[in-house]
Every structure is written in C-alpha cells, then in structure tokens.
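Sharing a structure here in structure tokens format.
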Amino acid sequence: MRQKTVAIVLLAALALVAAAYGGGKGGATTTGATAKGTSGAVSSQRRGGTLRVVRTESFDGWVLDSAAAYASYQTDAAVIEGLLRPGADGKSVTPGLAESWAPNPKAHTWTFKLRKNARFSDRSPVTSKDVIFSLGIWKAGPNFGGSYVNIKSATAPDKRTVVFKLGSAYDNTFLALMASSVSGVMPANFGSKGKVAYYQHPIGAGAFKVDTWTVGGRIVLVRNPYFYDPKRPYVDKVVIDVVADDSERKILFDSGQADIVEYVSAATAAQYDRSKLDVLLPSQIEHLSLNVSHPPFNDVRVRRAVANAIDYQSIIKGPFSGFGAPAKGILAPNLAGWAPPTQPYYSTNLKRAKALLAGSSAPHGAAVELIYDSGVASDVLVAQVLKDNLGKLGFNVKLTGLETGAFVGRAFSVNSDMTLWSYGAISPDISDPLGWFLGTKWLFTGLPTDTLRKQFGSYRTAATRKGRIVVITKIQNQAITDAHAIALTQFQVIHGVNTHVSGFASAPWGLSFYDTVSLNR
Amino acid sequence: MNAPDTMAPREPLPDRSAATAVAIDEPRPWQRLPTKIWVGAAILTLFVLVALLAPLLAPHDPLQLDPANRLAAPTAAHLLGTDELGRDVLSRLIYATRVDLPIGFLGAFLPALVGIALGLVAGFSGGFVDSIIMRIADVVQAFPSYILIIVLVFVLGQGVTSILVAFTILAWVVYARLIRTEVLRVRDLDYIHAARLGGIPRLRILRVHLFPNVIGQILVYFPSDILFATLALAAFSFLGLGIPPPTAEWGAMIAAGQPYLRDQWWLATVPGLVIVALGLGLSLLGEGAEERLRQ
Amino acid sequence: MGRFGFVAKRLLQTVPLLLGIVLIVFLLLKVTPGDPVRQIVGLRASQEQLDAVRKQLGLNDPVVAQYGRYVARLLRGDLGYSYKSLQPVSTMIGDRIGVTAWLMSVGIILTLLITVPLSIASAIRKDRPVDHVIRAGGLVGLTMPAFWVGVMLLLTVALPTGWFPAGGFGDTIPQHARSIFLPALTLAIGTAPILIRSLRASIISVLGSEYVATARSLGVSEARLIRRFVLRNAAAASVTLLALEIGFLLFGAVVIETTFALPGVGQGLVLAARGRDLPAIQGYTLLFAIVVVAVYLASDIATALLDPRVEIRS
C-alpha cells in the first residue's frame, strides 16, 4: 500500500463543508456517504485496555513530510495532531487543535482559534507560536512543501489565535491541507529537544504519546494525559505490529490477538467473516499508465485500443475478489469536489479494440514491458490478467515484477512502457489526487503537465462550486480521450475490526483515529 | 588400501583408485546396482516423461484465466481445483515440471562444473592460487546469502539467468572443496610420485586415480544438490524473486497459495508434495549411489 | 604448527575475510537499482533536493573514499545511523538481536532433541519400517518450505489449542518462551533432516566398526554400546554439523521471522533491504558475517583441538 499512500499529496483543501466551517463560498456537500464503522462513538464507551493493531506496512518515522505509507499518516496523526481532522465521511473536516476557524476572502486570510485546553504530552500548552513554527517546518519539507506555497505568512495576534495570509481570496485546497497529517503541530523549536532527538521521540498534542517504536517493528503508543478531550482516548495503550504474511494476520485476528487488521488485502478479504469487515466506500484507483514518450504508446489510437481490450470485470472479480467497482474516470471517487466525466468510460470490446489498433501505427501489436510492485498481491494478479488481455490484441507483454524500492525508482523515471500501480487520497479533497498527478509526471505517463497545472490553479481559486465542477469534469473527460492513464477499477479499503471493538470510524481511504475506539472485553 | 589414510575421519568412502586400476576383470558396474538406484531413477524418469509429454497430459491450458471461477474446489472438470485467477491447478503442476526440472538440474550442474574446475586448479596449483581460491570460498560461505540473492536478482532482473547465476555463485564451494581435498590427498601418494616420475601424464593420473574416488562423492552429493536448488527456487518465489508470473512453477504456486492456506489449503500443499516426491527420487538415487560405492 | 599457532592464525585470517565481505556488500549495493536517497527524502522530493541530500551524505564521493570512511568508523565501533529512523544502527541491531538469539537457541536445542534420538533409532533399526518412516518424514520436513510449515503449525496447533500465541514475541520472559516455540520448531523441522541423514550414516559406520564388534563379542549390551560409543559422539558430531549449517540456519531465520512477525535481525534485514537503508543493510550483513565466521572458526578450532587424528593443514 505504499503506492496508495505515496500517491496522494495533500495539495489542497477545499472549503468543503463551508457552511459547517463558518465561511467561504460554496463547499462540497457531505452527501450522506458515511463510512461504515462498527458503531458510532458513544460517550458511554468503556475506558481502558490495550488496542492491538496489525498492519502490513512499516512506518516511515515521525518526520511528517516523509510520510509515504498509510501506516505513517495514521500513526503520525495519533501523536502529532493538527489544527483540523479529516472527517470519517472522507469529505469534511472536523475540529482538531483548533476549535473554530473563519475565512476573510477580502483580506485573503483564515483565522483559527486554538482550544483553551490543548496541551502537548509534556504538559506545555499549545500556542500560536507553536503553529507558526510548525508552518515553517511544513513549508520547508522537500515532499509536501509545495502544497503550502499559497500560504504566504502567519501571524499571532494572541496566544490562541493564528491568522494565515493566503495568496488568493479563495483557496479550495486550504482546509483539507490543514487537516492532513502532514500539518501536525509541533512544539516551537522542537520543544528545545533538537531536531534529531525530537524525531526519535516526538512530542505532540494528539491523543497518544510515543512509548517505544522501531522502524518496521512494533510501535507502542500510550494515552496522552493532557489531551484536549479528557474523556478520550478510551484505550490506555495502542500496540501496532507489522506482519507481512496475510495468513498470519488473519490467524492473529481470528485468535483475538489482534483487535484491528488495517488494510486487509482484497485477495484474502473473502476469507474473513464478513460481519467483522469494515468495507469502506471505493476510494482507491488501480491504474495502468502508458508511457506516451515513445512508441508504441505515443500513438493515442494504440492507447485507446488497449483501453478497449482490458477485461475490467475480470479484474474486479479476480484480483479484487469483488471488492471493487467499475471505474468511471481517473479521479478517485468519494472525495469532496469529485465530479464524474460526461464522456462514457471504456468498455471491454475486443473487436473494437482490434479495429482501433488496425488503424494505428502498431497494427500488429508490439513487444512491451509492464512493471509492477511485486510486493502488492493484487498488482501481481492484475498484471497477469492484463498480459492475457493484451495478448489477444497481439501485444507480447513482458511482466517485470520489481521489489518496492526498485519499482518506485523505475516508475518515477518513467522508463518502462507500462506501469501498473494504484493510488488513493489522504485528504478529503479532489485536489489531493491532482497534486499526485502533477508530482508523478502525470501518473507516470510522461504526459506534459502544463495543462493540468493550470487546471489545478483554476480549481484552487474557483469562487463557486459550479466553477470547480467544470474544471474537474474537464480533467476527467480529457483523461478518457487521451487514454494515457487508464483506471482499471475503483476499489475499496477494507479493515478487519473484531466484534469487541466499538467506535472505529475510518475515512474511505483508510485513515482512522485511535482515540475514538474502545474495547468491550 | 596401500596409501596411508591421513584424512579426517569424516571421509567414510574407501580409496578406489588402485582397485580401478587393477580390477579390470570384475563384472561391469551397472550390473550390480542396488534397488534404490532403480526406484529413484524410475521416479525421475516419470518426472521427465511428464515434462516431455505435458501438452498431452494436461487437461487445460495452464495460462487460461477464468477469474470468475477462482479458488474452486476440486471437481471433475478441475481435478485439483483452480487457483487465485481461475487457472487449472493440475495443468499448472504438470507444466511446471518443464521449468523446475531443468532449473533444478542446472542449478546443481553449473555449480558442479565451476566448483570442480576451481577445485582442480586450487589443488594442483597450490600456493598462492590455492590460497586465493579458498579465501574466496570462505567469503562465499560466510556471505549472508539473502543479500546476495536480492542484489543479483535486482541487478540481473528476475528470471532464469539471474537465478542460475545466483545458484552458481553460492553452490560451487562444496564441489571445489571435495575435489581439492582429493587432489591434495592423491598428489602426495607415493605411487603417484612414482607414476609422475615414470612420465605418466597428469591427465591420466586424474582420470585413473582421482576421478574414481571423487566422482563417487560427487554423485552422492549431486542429487541432493538438485533438490536444494529446487527448494531454493521455491524460497526465491516466496521472496518475490523467482520465475516471473504467469509461468507455472512449483515454488511460485506454493507462495501464491500461501494466503489461502486456511480454506484452499491444497493450493500451497500439493506443489509441495510434488517436490517431496521429486526429492524422494533424488534421495534414493543418492543413497543408492552411496551404497554402490561402498561395495 | 602448534595448536595455538593454528588458532591464532585462523583468528587473524578472519579479519580480511570480514573486510572483504563488507566490501562486497558495499559494491553490490552500489549497483542495485533503487535510489536510497529517494527512499530517505521521500517520493515527491524534487531532483535538487535529492541531489543536496546525496551530497550531504557523501554519496557522490568515489566509492573507495566511502568505503574507507566506513571502515574507519567501524574500527571506532560506529556502525552509522539508519537512513530511515535516524537511530544508530548499533541500537537497532541491539534491539532486535535478542529475538533472533532466542529463535536460534531454542531452534538449535529442538533440532538436537529431534536429531539425536531419531538418528540413533534410524541407525540401529536400519532398513526396518522405523528407519523408513523417519527418513520419509525427514524428506517431507526438509522439502516443505518453512513458511508453509510455520503457517500449518499455527493452523493445526496454535489456533485449536490456544497454548501458543499466533505470532509476535510477547512482553515477558514466559511469553517470549511460548511465542518462540512454534517458530523454533519450524526451524528445527527444516534443519533436522539434513543432520539426521549425516548422523545416521556416521552411527551406522561406528556400529559396524571393529571396536564395537569387539565390545559386542565381549558381551556388552546393545544399550550400553549405544550409550558408550554412539551417544556422545553423535551429540558432538551433530553440533559440528550444525555449525556448518549456520548459513542455512540464518537464512531460515529470515524467512521464519517474516512469517511469524518476530522483530529479529532477519526481519530487520528484509525491511532494510526494501527501504534501501544502506547503513542498516551493512550493519546487519556484517553481523551475519561475523556470526558465520565465528561459528566456523569455533567449529574448526574445536575439531582441531579435540580430535588428535586430524592433521592440521595450514
């Protein structure tokens, strides 16, 4: 799942539920698309116990900017909380360290009011000085720093107020950006710990503090006694383990040794007791990216032929065990700001594909290479289905499974004919995927990104909801016409949640907060 | 035997060089082979036949996908059920012999060639060359093989070549040490000195005095080395470094069946049992060879 | 050449050996695809940022210079800092080595407990049903991959009985012991067959030797014979054989730790390799190499010192 996580850069936060946030024009509606949690958070939840989580990805560490795996976003957010939290519906933002926030479009500012009782785990109160210091760190990050480019400055009229000055009247990406785990608030000057020492043992204002951790090993979090909500977290401790083997994870879950299994792979989900699975709304896109910089895929007719030769249903039924739906476009669904294309999506039609190919520059197919991450079970299977599908068109596909490190290197260099990967958002706004496209040479296709960059800018500063929809629809349609990045399916994140766990509420892309969970044992 | 035995007690096989040199009237060796060798050879021949006749024996195309019918239990149409993409398991098992047998064999044969060559060079040259070769052997044996395998496969890419290169680099040491020990031993025997003085060429000495001894030990070790090569291939597949999919290969089938061990346990188990059967044939061959040589 | 001279010489020989191994790892990692700097800084960093960090880490310097620096630090006992966690590599190894040590020790004990009785039984009842069953079982144990055996043990033993946890290492010593049993058993099942085969052959030849025949003709009971001539030698011989298989055992540790989610150095190595964490990879490799070399050395020395019949060749 490295690919999903890496994929999304929080680029922009839409003023989603503008109404709920007291300002800003327009706003995406939260259309009843709530995540299916096991049960809602109730104030009468039992307190105490140790939550045991098992996941397959290892954690990148506490440097927020380096977060690439979902494991990192999830764990960072539990300790180093930000001003806002993403809502479990995946389209809204909810209060974090800030209790209220309001925009002033005329002055290009957003004003945040910090909670009175927000404290770091070392008891020191969270003040605007800490937020301003953190902004400096966020802006300097080599990975996500570019997302903050529209925040020109921040001032602190008093200890509990921070005023962000933006470069435009509207910035629809701003709130989602503040809700991402990259925007965690750190104590000013790293709490006089020094940078290296801080990142080895960070201090945050989240619901938990770090007890012990190792890269790729066990992470132990314990309750932050000074957390701003005295009732939460319900559990005393969270123990997170990394278990690579699918069977092993299921065994731990069945035996009760694991309370939550994060990111159950689609391939094995069918073996779990369905009542214990939290199957979320589709939020991930599995995509086949075609390299447009050299033959045969520099010819759009060849690309369209490929798009019509793929057996989308087989991919859903096979590698994803049915936990997926036909894709409608290249953009991940169930995000604020998402809009469908007005053009029909490709259908599996081998005759049409052959006809399209016959009139192209490669009428008899070609020998091409497909690279994929051999560590992702579903990708290994999808690659084989694609090889079979394209074989019918006359393409001799060489499957090159690469171990993650090597795969990432090659993918970013865009030096293979086809790249198979997936991505998902990590922030509640459609600008997140757009940012990912921009940062990956248009999803590893090598297509020039100038147009997309302009479109992104239009989206960001659009004053009305209609304006935003127009931009997104255009992007969706164009991707279908160009057929350079083909969405194979939109699939679902699945978590395994044991029956004695309540309060688990995950956003569609998988992020949840451990402080809403309680154990009934 | 005449030659004083200065070898460490770990070498149980008797010196046969003199026996070969003089006993020309004894019945031909193959007329007195133990049963084990016959049984082992029969099993291996069966495997080879399956590999050769795969297209006739396999009921389905091993690459034919049918995702809607994935993970099916055994039925008349699919005697061993279907795998995670709906392919017929039995057909894949049969076709996998075409991949595993050659790689298993080459994975032992190539190291043997390299090892024997280096062992001869080391033994006969002595001194500095011997020292260098043995130091390299030490390094290879001490080397964390996991790293070497990863790096080799990454550098050379997935596939047969890199796997065989990795095997050769790791496995030649045993053969080299075997040969070298024998060369060193034989080199110092009195009657060899006499033969050399008498002008008998080195090659003949090799053939008559050296090979009969060591060929036995190598023949005993070789079948189990084939088994190890096949098992190593399975381990490679587990780590994602084996033969790239969708080619059917036993190790890859085991690794792919791993997530389904609870409900579709046969996917990972049956290929393993096939390897066990192969191992049985190889072991019998090896033990039979050992018995024969003791006679 | 005296015994002590032999030992000293062998000890000296290990130093260039270890340096050679580190050099090879170093060079191999240089040619491996997958940019470590990108892994460190992040996937979305720009080329300029990557280049800046590369320079900072000294990765642009000539290979010889980098190697020299590494060796110099090594001699000071400094293994460097992990690219991923910024922790000292020595600390990381220290955290993990206990788990692997548990796995290895319990695994070796179980291997010996399985090997010695079964080889003796197999040898004295040579070619009888017991012998065949043991050797067939050995073949199965050897051939079925460790990850299969491990999960099978979990499904058939751990889950139904609840006596053993399904994975992980636990927090207290009793928990450690219970957690490590099945993984160690998996290791033993894979390793014992090799030893049983060798040991069985040795025992058979011992039982057929002249001095045993003499003892037998003098009326010594079979059981006494076994105790006197076989048991002691078998135990010693199997330890020697185990020592030779140390590389095999360590590889098994990697697979088994990954399967059972044990936070040992095997799992650490896999993670470091995936993340291109060069200092960590070098640290783990050095550790593995030292262990292997030390075990070979100990085994050689023990054999040389204890067995007067062996001529010590230089």
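Going in written order, the chains are labelled A, B and C, and every chain counts its residues from 1.
Just so we're on the same page, contacts are C-beta pairs under 8 Å (C-beta built on N, C-alpha and C of every residue); 3 or more make two chains touch, one makes a residue touch a chain.
Predicted, not measured: the structure shown is a model, and the values here were computed from it.
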Inset, instruction - Count the C-beta pairs in contact for A-B and for A-C, then report the pair with the higher count. - result: A-C
Legend entry - Identifier of the chain whose CA centre is least distant from the whole-structure CA centre: C
Inset, instruction - Quick one: report the Å distance separating subunit B from subunit C, using the average Cα coordinate of each chain. - result: 22
Legend entry - For subunit A paired with subunit B, centre-to-centre distance based on mean C-alpha positions, whole Å: 48
Inset, instruction - Express in whole angstrom the distance between the two chain centres, defined as the mean CA positions of subunit A and subunit C. - result: 40
Inset, instruction - Identify all positions of subunit C at which a residue touches two or more other chains, and write them in rising order. - result: 32-34, 147, 151, 155, 270, 273
Legend entry - In subunit A, residues with contacts to at least two other chains: 245, 247, 375, 403, 406
Inset, instruction - Specify, in ascending order, the residues of subunit B that touch 2 or more different other chains. - result: 150, 154, 258, 261-262
Inset, instruction - Within their complex, state which residues of subunit B touch subunit C. - result: 6, 8-9, 12, 135, 138-139, 141-148, 150-151, 154-155, 227, 231, 234-235, 238, 251, 254-255, 258, 261-262, 268-269, 272, 275-276, 279-280, 283, 290
Inset, instruction - State the interface residues of subunit C toward subunit B in the complex, per the touch definition above. - result: 16-17, 20-21, 24-25, 28-29, 31-34, 135-136, 139-140, 142-145, 147-148, 151-152, 155, 201-202, 205, 247, 250-251, 254-255, 269-270, 273, 281, 284-285, 288-289, 292-293, 296, 303, 307, 309-311
Inset, instruction - Going by the contact rule at the top, pick out the subunit B residues touching subunit A in the complex. - result: 63, 65, 67-68, 70, 84-86, 150, 154, 157-158, 240-241, 244-246, 258-263
Legend entry - Of subunit A, residues touching subunit B in the complex: 245-247, 250, 265, 267-268, 271, 314-315, 317-319, 321, 374-375, 377, 380-381, 383-385, 387-388, 399-403, 406
Inset, instruction - Would you pull the subunit A residues touching subunit C in the complex into a rising list? - result: 6, 9, 54, 58, 60-61, 65-66, 68, 141-144, 196, 199-200, 214-218, 241-245, 247-248, 251-252, 254-255, 257, 375, 403-406, 408-410, 412, 439
